[in-house]
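In what follows, chain A forms one complex with chain B and a second complex with chain C.
Moving on, here comes the complex of A and B:
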């Protein structure tokens, strides 16, 4: 290869390289303040979360309302391991990943046999239980007081006689987050094009057809849920070490909703769409957070806009801004009409 | 202690039952978990609050008026949010439902402010505070009785409506098979609207009673109550009205005892745990049928 021949690249590749270069030099642009960099990291963090959640509604067509539970599990895994054992962040990432996956399997294996509605509500209940646990088990999590003074991320080479770098300020976290997003996107693309991904799409498009092709529905759904949960936990582990403070309030239902909204806005199942959704909604959220108090309203009211976005998207553009053809066909009204009508749940007795 | 917990549990359980019935009826006719139902309950409390404080209506007038408003809200919710998606896949409708829930919650926050408000106690009839019966160290106020009686009357009324009236018959027909119901001349959309109205009125009544009983109302009150009522509906078997009634009462009692004897910190957790366990072990609930065939969720 040697030199990069720009002419030979496709338009999509050019845009990607351009965006990556922009992201890499962003902190050095003159108008970028610490606050903006903080928001940029938040955007990247939500990209990881949204990409992780995307597996469940986007690739499998199941509604997961409790994603924040896994985010919280990952954050507290990271926070507590740092707080009590002083583990390095690089050790914590795989541990958080595994912990998220384990909880995903524990919750998913019994509930994914059921229809999507039940699954949605169970995940919802689960995330509420996680918050209750984090609030009440004071011996472990310090409860509502929160977990302060979590160590920052550091690269410690003292073992090999090298120096030790501590991540101070936003800049190193920004680049760490970029690396994590790149890895996540890479993994997502590879999964999407793998046997696993194809099985998921088959499940999403038609469960009956998928089963008749020999796909084990439960196994594939549980794998999807576990991977999704694991990415949520990794996002949480980053959040804990970046914020250096955790409290159960950070993992309320709102977060799940916000992440779901990113996917709905961007386009379910579309990796690019989901990332763009994260950019738009985190920015919108921050702008509204600043703007609303000026209008004399509490900042929480910004979720009004998110609720409205979701309703309007479902009404007018259910496959999102960047729709995937298969999803668009699925979500189009009238689809269910052609299917044989099911024995509905009657009001009995 | 035991009796007191039992009474508390029955009181709150009856209220859960009233919300749960709304979930179950709506699920029965449109196969949708109406996440925004908890918000209708919250709106009921706020409507009553507004009618009493702003219009100066007495409690007995504000109560039915707020119920009517909630019924209208339920119908509007259906017409604007759910009806356009009736032929869409489940996932779209579920996302809309959760979006409407958040939207209404925040709308209430804009209109009434996000702080918890006390319910105007002076508007409540004076005898509510007085003890009606006292036995075994338990004091039952007239307010307890009011809630008990009203719950029972409404549940009985609902049961008779579903069982004995033309509308109820139409509702059951729509719940069984929409296409067939339409073929026999039933206006399916109107029946669905009617169901949303009934569910909204009952949810609103529950909201008013809770706000008055606990003397506090706030825009996020529908969120937890809605989830608990859903747990009750699941426990009873979603789609089954008597199941939802029983589920609500059982859950209320379980919660009161759990909070009293196990851990008051996990009061809210008990319902979620019950719900998850029921869904895993007996997904059909106490009275329901198993949803074996997975309906397209996308």
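Moving on, here comes the complex of A and C:
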């Protein structure tokens, strides 16, 4: 019976199940050290962030350079609620999700009427504002001193007479991150295949035609921005409880750019592509961090490498490593000539 | 004649340019009306005003819906679609990266409701709605003659098929009035004949059709009444044959000498 079902699975499903099993047993493989596990968690965290950001440029075709602002908001929401009120992580997650969405709406509603580059500039400004706020509002955030001593995640069953289990070390966080990635992917797939997702794709492909189908552009862009921000904040809330320390310089513009790079590298709008982008760039970043000092270069030179990757991708494979189905089909057909007025896939100008 | 759409003294200025000057005409229920005029006469501007993409400078556009009358001049385009006016575009505007069926499904947007939570938890309501969207989308596809091609990518379709798909998407919004902007442009004679047949079938389903067209064979073949505009002004209106022989129309198209020769 089991065999029969396995044969029925498509190749894609088999790969997925294989990868999931690999991810689940990864911590027990002999060569995996604590450091490697730390990187793996980082990869998973960036997968959540990249999947969240993907909604705006990938599904809606809008350039968002300020994603890290929502990440920071989520992290400090989580950090402060833990620090001051000792709230449980499981309560904080929905609160962070909502807080991210609220800020997404507050920023998006007045600014999403702007088009193309102007909108990108506003988002960039927003993320810088968040960092300035976190640095200067010392009464709330302790400013540059940072926010230390945030509680670790715990599962507290003492209320029901059960045990209390605190997440110590990397292992529990690794599995927590896997669960969060799985939920995020699940949500993304469901949205992608729904009226909401179709409305977003319509906006991405042709705004005028989208309007003539009765789609309210502003409303659907704000929804996109809010959901994207909410996932950023959820990523941030995980980060806060995992690191148990926050400081404003963790949320610099670089992070936004790095997450955007993941999307562009992996394939804008493609859920799998975006996740692969996260794997590649996070691991590359770590490798370069180790490698560059050996070559006598400062570790920050790795940002230069990201820039180079972006340039090369734009030149040779603008749709990313795993492009969305339509672009992939077009590439297979060998039709590289595209209509001048409309790029195959990309950010609206 | 019960009007579906009344256009009353419509003006549209772009800065100093008067694109539309005092245009008035009615479109009766179930009619197929042609809107013709030389290039730059303001036909597409008129379409855009009705569709809500341009805001008229002055004048009224009134849609009759059963026994209700609604003024749509200056309403937002998505609201106009919701009220029952659908359109296609002169230079085809499809969602290029999506499948054919998804293009039509997006046309169902204004008649459906689910948003985020419905999509994530797949509520019973959302599932029923998705099923209905899918079924009706396939019906519209079949209606325009694209049965069995739902999974193709819109971008990769032939030109004539893209035109049909655009019409299917417009029909999916369940319009009272369908506005077609040069639907026969670039079509061969056979495709044009199929198109005329399609337009008649759309009308037979109770939908009023307003079309801009340069292909006179199509205009003469399918339109029951023709409105001519020139330099943004109403020029003539009537049966296709009458309009064709109207000296003022000939003059507008071919110049004064031609009118005298005729």
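Things to note:
We take it that the second predicted complex is superposed on the first by the 320 of 349 C-alpha atoms of A that agree within 3 Å, B and C clash if a C-alpha of one lies under 4 Å from a C-alpha of the other, contacts with A are read in each partner's own complex, and residues count from 1 in each chain.
Keep this in mind: a residue touches a chain if its C-beta (ideal position, glycine included) is under 8 Å from a C-beta of that chain, and two chains touch if they have at least 3 such contacts.
Everything numeric here is computed off the predicted structure, so don't read it as measured data.
By the touch criterion defined above, A:159 lies against neither chain B nor chain C after alignment on the C-alpha atoms of chain A. In the superposed model, A:29 lies in contact with neither chain B nor chain C.
Contacts of A:304 after superposition: chain B is touched, whereas chain C is not reached.
Judged by the number of chain A residues each one touches, B leads among chain B and chain C.
By the touch criterion stated above, A:294 is placed in contact with neither chain B nor chain C.
In the superposed pair of complexes, A:325 makes contact with chain C only, with no contact to chain B. Shared interface residues of chain A, touching chain B in one complex and chain C in the other, are 204, 206, 327, 330, 333, 342, 344-345. By the touch criterion stated above, chain C contacts chain A in their complex at residues 51, 53, 76-78, 81-82, 86-87, 89, 93-99, 102, 105-116, 118-120, 122, 126, 129-130, 133, 153-156, 169-170, 172-173. Looking at the complex, you find that chain B touches chain A at residues 24-25, 27-29, 31, 33, 81, 84-85, 87-96, 98-107, 109-110, 113-114, 162, 171-172, 175-179, 223, 227, 230-231, 234, 238-242, 263, 265-266, 268-269, 272-273, 275-276, 279-280, 283, 287-289, 291, 293-298.
Those residues of chain A whose C-beta lies close enough to touch chain C in the complex are 187, 190-191, 194-199, 201-202, 204-206, 208-217, 223, 227, 324-327, 329-330, 333, 342, 344-345.
Within the complex formed with chain B, the residues of chain A that make contact are 57, 61-63, 65, 110-111, 114-118, 120-122, 124-126, 128-129, 132-133, 135-136, 204, 206-207, 253, 257, 260-261, 264, 297-298, 300-304, 306-311, 314-315, 318, 327, 330-337, 339, 341-349.
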